[in-house]
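One structure is given here, and the rest of the page talks about it.
Going in written order, the chains are labelled A, B and C, and every chain counts its residues from 1.
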Amino acid sequence: MRTVKSPFKFKGGVHPDYNKELARERAIERLPMPAELVISMSQHLGTPAKCLVKAGDFVRRGQLIGEKNGFISVCVRASADGKVKAVEKRPGPAGGMADAVILDTAAELPSDLPALEPLSPLDWKTATKEELLKRVEEAGICGMGGAGFPTNVKLSPPPGKRCEYLILNGAECEPYLTADFRLMLEKADRIRIGVEIMRKILGGPAVRIAIEANKPEAIAAMEKAFADIEGNVEIVVLPVLYPQGSEKHQIYATVGRVVPEPPALPIDVGCVVENVGTVAAIADAVEKGEPLLERVTTVSGDAVAEPKNILAPTGTKYADLIAFCGGEKERPAKAISGGTMMGFAVPSPEIATTKTTSGLLLLTKKRVFQYSSQACINCGRCVRACPMNLNAAEIAKAVESDDIKGAEDLHVMTCIECGACSFSCPAYRPITQFCRRAKNSIRARIAAEKAKAAAAAAKEAK
Amino acid sequence: MKPKDTAQHYILSSSPHAHAKSSVSRIMLDVIIALLPTTAAGIFFFGMPAVWTVLVCVATCVLTELLCRLAMKRENTVGDLSAVLTGLLLALNLPAGIPLWMAIVGSVFAIAVAKQVFGGLGMNPFNPALAARAFMLISFTGPMTTWLKPFWWKTPDAVTTATPLATMKTWFITEATASASPHGLCNTACSGVPGLWDMALGNIPGCIGEVSAIALALGAAYLLWRKVITWHIPVSFIATVFVYSLIAGGAPAIMQVLTGGVMIGACFMATDYVTSPTTAKGKLIFGFGCGLLCMLIRQFGSYPEGCSFAILIMNAVCPLINRWTQPKPFGGK
Amino acid sequence: MIAIVCIAGIGLVVAAALAIADRYLSVQEDPRIGMVTAALPGANCGGCGFPGCDGYARALVAGTAPNGACAAGGDAVAAEVAKILGVAATATEKRVALVKCCGTRSEAIRVGDYNGICDCAVAAATAGGDKGCKYGCLGYGACANVCPKGAISIRDGLAKVDKRLCIGCGKCVTACPKKIIELVPASATIHVLCANPDKGPNVRKVCGVGCMGCHLCEKNSGGKEANHFTFQGFLAKTNYQNPPTDAAIVAKCPAKCMIEDPHFETGR
């Protein structure tokens, strides 16, 4: 094991105000069980899980309440004992409506409720690769960095492809967020076990632990935890630059490989990137038989009385998190699920956390800016800032004049929506949103074409 | 009856929710600040006529912008300071002795025709100040090429003179006939051409803002430090002028750079965001084209000075350069 | 002199070439295409699914398109086309677009202040849009932007269709991300302007004029047997196969989400 400095610097990137000092020194605290949980069936990327319970049912902590529904899907387990008040459509942090189980955790369980068969702890040293993978799937683990990609899918490279590098994402380049930082500090041993398990599943790849240079304590903690590990393991210290935590840029910064344009995936260049939180969750799922039922969420921002890193069950309403932090210090102008660069603005504190909620930020008016409809002055700051080296200004102009095809020709599908362009635009143009709009239109068009082709094929078959 | 709206209203917007806090008006302000040294130098050398030209141009531009926006029923954009900057740039590109009514006509043209007709800031294909200068050069050729001597008030006999460039232009011609080229500054052939030191300071006839190379360099350094401009256009522009004159002969290369509009053009006019390419590669090509055209006009054209026209021509080519120099995406083919 | 001869010569040669080309290279086009194109309204709205009126005319003559797909022209055009093509005309009703929402800014609550691109789909993708009712019109004009006739305007945060201008091309129906625009018979005058199928109390939380599914409109229009309304969840829908005609029921709607408006350009 050794610690190295990242030798590769990607083009572009920005330096937002990190504001991490607000919650940096706050040790992880466990939230007392809230009276009501809202457990969404769509906490991951892909098809929502199929709900298995109905209003009036009693459930136990860890019980399967949502069944995996398709290949790119993740099961959902109850994060507390309780009675199902209702199953209804609720908006998620990103605004999409999905079925959610409203759980009354204060309800007393009937004495004749059968005991739950828990997941049994596994010894990862003796368990087979298949057993370990199955456990990851059963525990309902998905990428906890934000996108929520099903972890068991990521850990099963398609035939013909081999994972050469397992990269641990501890960059946490999003402003304000310190959840991963605290986790690396406090649960370094869990992360180490997770790494060993994943290494076994992936057939012994080299391991790179990527941490930004502004987290020396985390680097030290990881160095200590991994000191005696065998094999090719390196801690790579990354320069402080947003979006260092982006999968593609992290792969480049740690091993110097470039992931081609979509639909290529990291595995195409022999890499698997996992967030440190996910790795710790894998360790718990295997060693303790504990499914993914809770996660660390940073509650911060200048409107929060007492910023904290909270270990809360998934499905906790934002209002409960805010109350645990002493409430609002000032009137917030914006609430954000996630970090300030890629997080989602949420309309109310009634939204509940999911497996991917890394942070909740309440910002006062001082910290919030308004987008404008000013014209582009062609200054090129967005082009310089774009880590994907896209001509963001031209893309925005194309989308503005409804020229989606033009945006596609400018490679808008390669955009990772990191927000560096909008961040640096002096005309306050919503460039990232223009890119999103183009991507959504293109995706819709492709889906429509596919459906049309499928319908035509079906007609032919008849 | 509207339901009771108790929920707190948060701002809903797409990410990112953080901003670098740069703004268009701040950028314009930076350029104006960067132009202050050369404005001061111009006033120092040309006196009160320079002051009046600057004031009249700025005031007319702001007023025209205001009226145009009102007439078009669009939001008022005077606050972005771009009209102030256009007025200042235009004034700095005029001879100090220009009749003020011509300065007013030029300013109105810059804002109304070269900018607002196209939709305002960000939409104009040509640099408004340069377009206005070209317009004035054609409309008022006499006054636009009548130059006040620096400190003209101290020389009561002849207050106007030719620019060093006009003198230098003849060198290209003598170059062709004379076997020995005069590269020394105190040569007989270059009588009427001031010394290098005067050129750097600005003690030469010319437009208000173009004479003092040192003041312009100071401003350019400020812009580079504030990251308002990048080095690409000024460096490739000036380097092209320099190398061209080394190869083509004629006046010494350093003089070609220091006189006329090369310095102000390379640092302030060609770097105008709206009318220059976005990518580094595009900027290098743009600067090179400006330098080359400028020297071609100086050598072969009928005007002694080609800087404004060179930049205007390159402005027109800018969309094409942008097309050629699309960046290659990270991971793209 | 030489110049005159040259020019004249060139003129002659070119004229001859053109005459020959016209004779031997001319494309024999079915004359009916021109006639059908002339019969169509010429709005090129694309509502029929073909590229412009000319495209539809070609498809009609080729027999690959059904007559009556031109919503803009309606029955008169269909009859004309039928006459040219020598087929029987099928009567169609003129249909116009209807935005099924009446939650203006003063009636429907907003849950946030949206700040971004002025487009419904994009606004809907940002935290589900700023309107409390997840089914309601966002009022960012996606429909108005695609309307070829300028029949849709946004007033008080709500899209309004001017029935007299609408040609029923259906472009707005596909453009609306909330899917609340429907093509309805132009002759129908009584409409339910709501698309929220939730229970009454939930609708009331977000909108003062949302349908609560109380069935009063059904009762007042002659009961279930009269079959003037259908229900989806807690939402009444006008049965456009058999639309109600008694305007009295509009005033009796407790939710005030019904209108009786021959033009519905003003809305409720």
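As a working rule, contacts are C-beta pairs under 8 Å (C-beta built on N, C-alpha and C of every residue); 3 or more make two chains touch, one makes a residue touch a chain.
Note that the structure is a prediction, hence the values are computed from the model and not measured.
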Pair of chains joined by the greatest number of C-beta pairs in contact: A-B
Longest centre-to-centre distance from chain B, chain (CA-based): C
Rounded Å distance, chain A centre to chain B centre (Cα mean): 49
Where chain B and chain C are represented by their mean Cα positions, the distance between them in whole Å: 53
Gap in Å, rounded to a whole number, between the CA centres of chain C and chain A: 41
Where chain C touches two or more other chains, by residue: 111-112, 115-117, 122, 125-127, 130
Multi-partner residues of chain A (at least 2 other chains): 344-348, 370-371, 430, 433, 436
Per-residue overlap in chain B, given as positions that touch at least 2 other chains: 7, 10-14
List of chain B residues in touch with chain C within their complex: 1-3, 5, 7, 9-14
Parts of chain A lying in touch with chain C, wherever the complex brings them together: 91, 94-97, 344-348, 370-371, 373, 430, 433-434, 436-437, 440-441
Touching residues (chain side chain C, partner chain B) in the complex: 106-117, 122, 125-127, 130, 132, 204-208
Touching residues (chain side chain C, partner chain A) in the complex: 111-112, 115-119, 121-122, 124-130, 134
Touching residues on chain B, where the partner in the complex is chain A: 7-8, 10-24, 26-27, 80, 119-123, 273-276, 278-279, 322, 326-333
